[in-house]
């Protein structure tokens, strides 16, 4: 790989890792609310989370641009309050990746949370554990398969995210040009198939590593599975 | 909505429904193999399923074109053997949507299959049930939450699929022009925002309906959840 | 090392613009930062207030759009280069066609499809549609169009034999080793295919205007000519 | 001989081994917690494969490591009442009872429902049953599968005296009139002394 | 008075109602399968909310529908031994025992591990335990949480005689020396007669 390609890989990993890490707590909280909560507007929240899945990515990118752009309501506020700019920055690419990964992460986690045996939570409560401790020590660990699956899905989705990213933060080498954007650029050049192949293979290798790591993690956590 | 837009909606629904329906058995079988199987190349199979998630959709579309195009090895064979053409046909759009939905469906189902209490399967076996009957009457129904979640995710993803579809079967009104493709076209022209908004709202409405139906289904199936 | 101005450029300009940026850097200037995407996406980013310096569009419409919103530095809009439309076929194809009024395009296609960029949306597709209309063959082939996301995707359909014919830019045809140019569309059959460039109102970079001038200088135009752009006969 | 069992199997660090010849009738498996009683039942039912050994029930060889025989679980037709009830959570009580039902068993469905007192529970979901109710459904499910032999792992542990008495009487009938071989785990000495023709200590 | 319970609660079509005043010591809850014994324990522990009623344990009002009192489960400090063991499957035995452990309880951890015979099980995962082993761990877990009172739902059902004897002796000690109020469900009359100061029929 050329140094530029290495740089692209590094950027992609950073974007993917930050997106997934930032998404994890949010996704789990949402999954928990959807699995356990009874509140008005639940279906609406559910639908909102699914939006980035249903809309073409370009539209999601455009909506991000409208909301988080320099003149967008949230973008202006975030810039002022937190000093965080998204426009043309890798942070914007991470935001786009996070938004696209969110529905996948929420669904996987929700599925696992719904499968948690609430009688075990009840048992923990009789032992004096606060709601927060029950959540931390019983609910979350028992929902771990969903957390792992969600993280893998989210990370893979982040690695593959293209449409929302290029629409939101453009295609700037060293800043927002992740692997898929680099692949797109290579596809624009006739005879760029070699570069495409090389970059795509890199994507695949990265996701393979993520998969293997997640499988190992899952196996180590697999003690709770049932036997005979 | 204009008649053309109605036509687009109808086509999108058909493509999404066929993609998900065709995917369901395949995805469940794969999920089952990954959850329960111990075979060489398992990680490879897992990685292969994740590919459409990791690669930019355009690349997936391009690979589909290579494999299922008129000169592709599979395309030629399928055309001869089954009389099924994908190129520039709605069937091709469904194929692209199915491929993109597959990883999401497999993951959700796998998660649920792994959560099935195998002691119940053992009990069914002592009652004389064949492996197939155990699978049909115990494993599948107990994994239903994952099947429902996977179906919703897959259908939503199908509704939103853009890059692979347009690259593989291009944008042909009445044949391959699903909602995202129509939205994309509208986005390309200055002032197309109105059409974009209308079409995107339709997408959102469709997915909202799918979500509500799935939640209702899940609730009706929710008898197996634990109580105090 | 200092960063050059941020250039938002239509994806089809990728190779030529990259060459131009390299030439500019060789003159001792900071290397311009190039971002290639669909003209529509880039224009929307500029519209959203993103701070960039130059915009090179694949057609005049998106430039008009920004100009209408006063997002261009006045007096900086200029023609960057031009392009031509060609009809291409897969390399092994023996097809022979003269592009004239009412030429038998529909018959040449038979039951198969004509690959082109989306005629409803993408610039290359709109030029193609205009040309076919003026030549009187659009109604015959309108139902046989395979509308691709962009010119490159249309080219790929022809390269892979999925479509027997396609309409792409001369620059694309020149760069592909898998297609053969069947004919060039007469310059009179469509609006001139021009790529405008302009400084964005948000531009702050000191080098932006100089780079713009370089692009439209004789030296700059030569770089684009080498990549197949320009009005050749 | 109803049961001829000689098996050994490693489980983690523990080793479960058991060797007995039981006459016709009911054989009680007796032993401290963790001795391996449930594991022996699992081996006889075919759910757990012994490392070595031989299992013959009612004259039929179900397992023989030397001869390479291992009849699949499905074809052993054991009526297994598990220590935990293991009802199918996605089926109502009625469907649970019907799951393994094969006609011409020793008892009709109506009889089973009646003597186990399940009539008012038929339309309920398992998760809403009390501990003893679930246990009774599990017994009913096993009996209705028309088994060739019964494996019962503390089937009466959470039942009250009256119910226990009634079920014991039914078990006696199955043992004597139908001649079903029964392997029975219990910690209750009175129960065992009353029912068992032989007692195996493990 | 150790327990003052007057509760009613609708469960599906069934109605569980119970009304008793129990003296200090151990009170046995006795009744047929499905009578509502586990439901009463759930209400006393705070896991199930009565529709109406009042629950006082050791002088402390835990629930009073009229006065609007409902102490949360966490603050009731019941030592609840469930009918099913409910061990945390993702923690080893050691961590299960430690989960609710609060110092200065009536028994030290070493004592509990010793008299329940858990020493060799500490590093095991719950899924590998036998029925009786799991039940013993559940008893230990409840005792180590330094409870103000004990709720025991057939805690000895799947234990052998020797182990049962030992645990009963410990329960007697807790009852007499520590003065813990205990609500105890069992179907075994001998057990009940030996341990209980009062018997509540339900």
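Labels A, B, C, D and E are assigned to the chains in the order they are written; within every chain, residues are numbered from 1.
The rule is short, and it goes like this: a residue touches a chain if its C-beta (ideal position, glycine included) is under 8 Å from a C-beta of that chain, and two chains touch if they have at least 3 such contacts.
According to UniProt, the chain labels map to these proteins: A, B = Molybdenum transport system permease; D, E = ABC transporter-like protein.
Just so it is clear, the structure is predicted and the values come from calculations on it, not from any experiment.
Where the sister copies subunit D and subunit E meet, the same residue numbers recur on both sides for over half of the interface positions.
Farthest from subunit A, judged by the mean position of CA atoms in each chain, is D.
One finds 79 Å separating the Cα centroids of subunit C and subunit E.
Between the CA-based centres of subunit A and subunit E the separation comes to 44 Å, rounded to the whole angstrom.
Averaging Cα coordinates per chain places subunit A and subunit B 20 Å apart. In terms of their C-alpha centroids, the spacing between subunit D and subunit E amounts to 29 Å. Within subunit B, contacts with two or more other chains are made by residues 58, 62, 119, 122, 163, 184, 187, 225-228. Taken residue by residue, subunit D touches two or more other chains at 47, 84, 128, whereas all remaining positions touch fewer. For subunit C, the set of residues that touch two or more other chains is empty.
Chain contact summary for the complex, subunit B toward subunit D: residues 119-120, 122-131, 137-138, 141-142, 144, 221, 223-227. Interface residues of subunit D, counted against subunit B in their complex, comprise 45-47, 73-80, 82, 84, 86, 88-90, 99-100, 102, 125, 127-128, 141-142, 145. Contact residues of subunit D toward subunit E in the complex are 11-12, 31-34, 36-38, 83-84, 124, 128-133, 135-136, 153-154, 157-164, 187-189. For subunit C in complex with subunit A, the touching residues are 6, 8, 11-12, 14-15, 33-37, 41-42, 44-45, 48-52, 150, 152, 155, 172, 175-177. Interface residues of subunit A facing subunit B in the complex, by the touch rule stated above, are 43, 46-47, 50-59, 62, 103-104, 107-108, 110-112, 114-115, 117-119, 122, 145-146, 149, 152-153, 156-157, 159-160, 162-163, 179-180, 183-184, 187, 196, 200, 203-204, 206-208, 211-212, 215, 225-228.
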